[in-house]
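Take a look at the following structure, please.
The chains carry the letters A, B, C and D, assigned in the order they are written, with residues numbered from 1 in each.
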Amino acid sequence: MTLINNETSGVFVIACTPFTDNGAIDVASVDRMVDFYYDKGADGLTILGMMGEAPKLTQAESIDITRQTIARSADKQVVVGVSAPGLAAIGELTKAVMDIGAAGVMVAPPSSLRTDEQIIGYYRNVIETIGTDVPVVLQDFPLSTGVQISSRTLGVILEAHPSIVMLKHEDWPGLQKITDLREAEAKGRRRTSILCGNAGVFLPEEMQRGADGAMTGFAYPEMMVEVCRLCDEGKHDKAQDLFDAYLPLMRYEQQPGLGLAIRKYVLARRGAITSAAQRRPGASLNAKAIAEVERLIERQTRKLDELK
Amino acid sequence: MTLINNETSGVFVIACTPFTDNGAIDVASVDRMVDFYYDKGADGLTILGMMGEAPKLTQAESIDITRQTIARSADKQVVVGVSAPGLAAIGELTKAVMDIGAAGVMVAPPSSLRTDEQIIGYYRNVIETIGTDVPVVLQDFPLSTGVQISSRTLGVILEAHPSIVMLKHEDWPGLQKITDLREAEAKGRRRTSILCGNAGVFLPEEMQRGADGAMTGFAYPEMMVEVCRLCDEGKHDKAQDLFDAYLPLMRYEQQPGLGLAIRKYVLARRGAITSAAQRRPGASLNAKAIAEVERLIERQTRKLDELK
Amino acid sequence: MTLINNETSGVFVIACTPFTDNGAIDVASVDRMVDFYYDKGADGLTILGMMGEAPKLTQAESIDITRQTIARSADKQVVVGVSAPGLAAIGELTKAVMDIGAAGVMVAPPSSLRTDEQIIGYYRNVIETIGTDVPVVLQDFPLSTGVQISSRTLGVILEAHPSIVMLKHEDWPGLQKITDLREAEAKGRRRTSILCGNAGVFLPEEMQRGADGAMTGFAYPEMMVEVCRLCDEGKHDKAQDLFDAYLPLMRYEQQPGLGLAIRKYVLARRGAITSAAQRRPGASLNAKAIAEVERLIERQTRKLDELK
Amino acid sequence: MTLINNETSGVFVIACTPFTDNGAIDVASVDRMVDFYYDKGADGLTILGMMGEAPKLTQAESIDITRQTIARSADKQVVVGVSAPGLAAIGELTKAVMDIGAAGVMVAPPSSLRTDEQIIGYYRNVIETIGTDVPVVLQDFPLSTGVQISSRTLGVILEAHPSIVMLKHEDWPGLQKITDLREAEAKGRRRTSILCGNAGVFLPEEMQRGADGAMTGFAYPEMMVEVCRLCDEGKHDKAQDLFDAYLPLMRYEQQPGLGLAIRKYVLARRGAITSAAQRRPGASLNAKAIAEVERLIERQTRKLDELK
């Protein structure tokens, strides 16, 4: 498999991990889900992220899922989340998944970091641990990690470590950060790939600010694929029309804590996975929430018809 | 002025505080803004909230603005935010604003609270400080305060203090909390008014879950007024159509930290206030952000035309 | 009154605020407590700090206590804590207390600050608000504020703002920070006065690292006065002997949340104030805790006798 | 090996993990350190705790160290820390170490927990994951985890899960919590063993409040052993005399972040381990800190001589 680099672009879907109703890994659904994502146009996948229920997996399971996903991905790239409280676990999992053929690893900062020095030091330790030949995605998601990385601090990290080739951008607010990075590059800093998360709810603006694509798990990845394509072609109004049709559901899916239950419900409904179950502990949708999702999907379908 | 009570419903706009470009209170704009909100259909106002730049005001200024707003509000109700790190300040400001004619006060929990006991104890202290005859709005906004109040804890507080007549609901996710409260009431707990915040982005679902209206500051309050009206009439699809037309801008305005700059920019553009300036320290929009807002407004206008 | 400056040294006791059992300010005890502190050798006082129950005071009460304390302090210097969530309140209180004759003001960072940029920006805003002619004590107390300021960031702030003349040092661990500051001064940075807090439990080491004295409220200020004097004379072993005799009680008094109750109990026992009561909400000692304190005092008295 | 139970008492030393200067596990030192702890009177050990640098170990290393420690411990009990962000990792490591012969496992709450419900739910999930036949130590250490567990919430957890046989008590302040637990037991709640952490700095008071011993890693475990013995015999003044002699160093060792470097320095100095090195990232003592430690040890030795 080729490695990701600082020119990588497109849509890397944050994949969920399919379980059966009794909490076992649903091996058949892994293949089906991977096929689904690529059928919808994904350029690659990111597995074992926050939405992949990674902390609920044993190390052996993590490696099994990685192996299966990569095997099913043919020439598509698979990034693997390796965030962990300790460097040893990060190093261990990184080595294992890169040996299997991962295209890179993703590392979010642990929530204990506070000062800029601590954040900068952390990524130095990570790179020393995993080596400079593994492409790294830095996940910048303060809403979840509690760690705020300023554009300046991000710049220090990127300049120190060329192997950090990509930013998973999901600061909120964060549009200016994309602009800051691109302006620094215009002045001479080496390029970094920027794929955006935040459940996709700022994708049109992010693309116009200079992002290279999306890395998030909205249950309709075809929207992200199409919005990115239209933006690349400069058809921003058309991109936004499409985006707007999905926005009500995207907004609903973005709810912290509940988001994965919504996403898995929709993925199961679309046939990508068999069961919406999460391994414990996990949320599930009650009847009221299901009715809300169904209503939003119905309205979304209608609007998409109108757009045609 | 009449006091709010546990049946209060409708749209209470979270008012901003207008400043001149050099940071003085823009007295003329206060009246103009108040008129604007009522012209757009607001049932009442909430001033000196988080979006009212309250911590940047001296005590004298806070009271002046309250007096002016209430004077201009005729028979409309004005709720005043009195959250402060100390009970003395809460007590002092509450007495002052209730004497002037406020309809009630709003209190968010200080971010130092952790256990359920601490949260319950805090509201007991607040009520002891301000007395049981002042109607209180409990602001439940974990994204900003860091304090998570479970439905159970909220129930304990509401049962202990009948003078807490209203919940400013902006937990995220929070739809189930509305359902929990309404179900507890169906089983015998006394009624509480629920007005929803969270920048309005879940208003249709919140109304269907049993909310009584909105209490947030989106720069197009007429949307909230109309959505609430349509929901009250059971016209949920029509409500959602209208909501969807505004959602792209709402979503943009919801960005933490930057949201007030966006809101004030739009309010100034609409003539509600003269200047979008915030008293220092405050964010302002740069050219790129203004272009994004303008584009969203233009698209919003077009969609609203189509809905007619 | 003279102002504090970057050479100020000695012991500034963090004064408590005396209340009667029913929560009123105990005006008579204010004078008695001030006399007590100076009788025990204090070089100055710091009032309205975290241990002064400042958030429970109305603005008028804060100013009354400041006036009374300064009037009773003759030529001794009184620093006033003015930390508040908003710059307006900081500016307002600073002006009021400096007009009355305060020697300077103390400002801790609000707990919302995260990145170095935010911390640096905050102190810039504070200085712009209160003017460059008011001497400022920067309170660096991460255990309480949650804000971690690295030596580098502290250096940036001190270099930008000469009116920040003093550091209330209570980082934990923090001995290296004192060394870092003194080494930077040896290389050319302007001098800053460093008075240490942290309940006094590192005072001997802090003095040897280059601190100028103590700023904390241990109920036996004569210990701090004597330890600082002995350290200034180079009698470090004698200083430590004295310190060790008080350490068991100091350690007990350092308990967060409960510390003030212990301190006020001892101050009342020593006759400095009439009642150990805190204004609500506040902790008080139960019988078991009182027995522990009494036992520690009894042992402390015995050890001090042995030292003579 | 016998399992810990709700009557377990004495001193369980929190063991460090010895590394060579280049970061490899120092296998020889593991045995030497284990012998050292038991020579000094330890009743058992707790390994892979926060001070055991557990997050820096690979899973294989964790199991190797557990195996070696248990093998060397003969009939002494070894508790193993298994805290992890995910239940799968907790379950996996628990099974592995119990199979090897651990006496129980220790679980601290993850820092993301906020409400009482979340905390209660977390321990329910843990027990469901590892089974009800594994004795669990609940580590209650808010200073490090950020999770505050009230006495009431602790009671709910203890009543629901009889397999949680022990509390590692290190809330701060926390003496009242010991009293609360013992009073609830006097009224009928089943007994829980309470061993105290917090670097030992409240050990005499904790024993008098009803604790069963200590579980912390102070580099002079013989102090804890002797203090517990004397307290059990009712010789509280003698216990406190001994405690006081060690307190200045204990206080110094208690510094967060730096504490382990101090502890390992002293353990290496005492011959328990070969190198004070921590696996990266880790702090180390510079010359100034070493001089401070040496001075405290010298004074401590002198005082202990005087006590004889």
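Throughout what follows, contacts are C-beta pairs under 8 Å (C-beta built on N, C-alpha and C of every residue); 3 or more make two chains touch, one makes a residue touch a chain.
Predicted model, so just to flag it, every value in this text is computed and none were measured.
Engineer: If you check the contacts of chain B and chain D, which chains show up for both?
Structural biologist: Where chain B and chain D share a partner, that partner set is A, C.
Engineer: If you take the mean of the Cα atoms for each chain, which one ends up farthest from chain B?
Structural biologist: With centres defined by C-alpha atoms, farthest from chain B sits D.
Engineer: Centroid of chain B to centroid of chain C, CA atoms only: how many Å?
Structural biologist: 38
Engineer: Can you give the whole-Å distance between the Cα centres of chain C and chain D?
Structural biologist: Chain C and chain D have C-alpha centres separated by 33 Å.
Engineer: Could you say which residues in chain D touch two or more other chains, in rising order?
Structural biologist: Answer for chain D, listing residues that touch two or more other chains: there are none.
Engineer: Which residues of chain D touch chain C in their complex?
Structural biologist: 172-173, 175-176, 179, 201-202, 205, 208-209, 237, 240, 243-244, 247-248, 251-252, 255-258, 286, 288-289, 292, 299
Engineer: Any idea which chain B residues touch chain C in the complex?
Structural biologist: Contacts found on chain B: 54-59, 61, 84-89, 91-92, 111-112, 121-122, 125, 128-129, 279-281.
Engineer: Name, in rising order, each residue of chain B that touches chain D in their complex.
Structural biologist: 114-118, 147-150, 152-153
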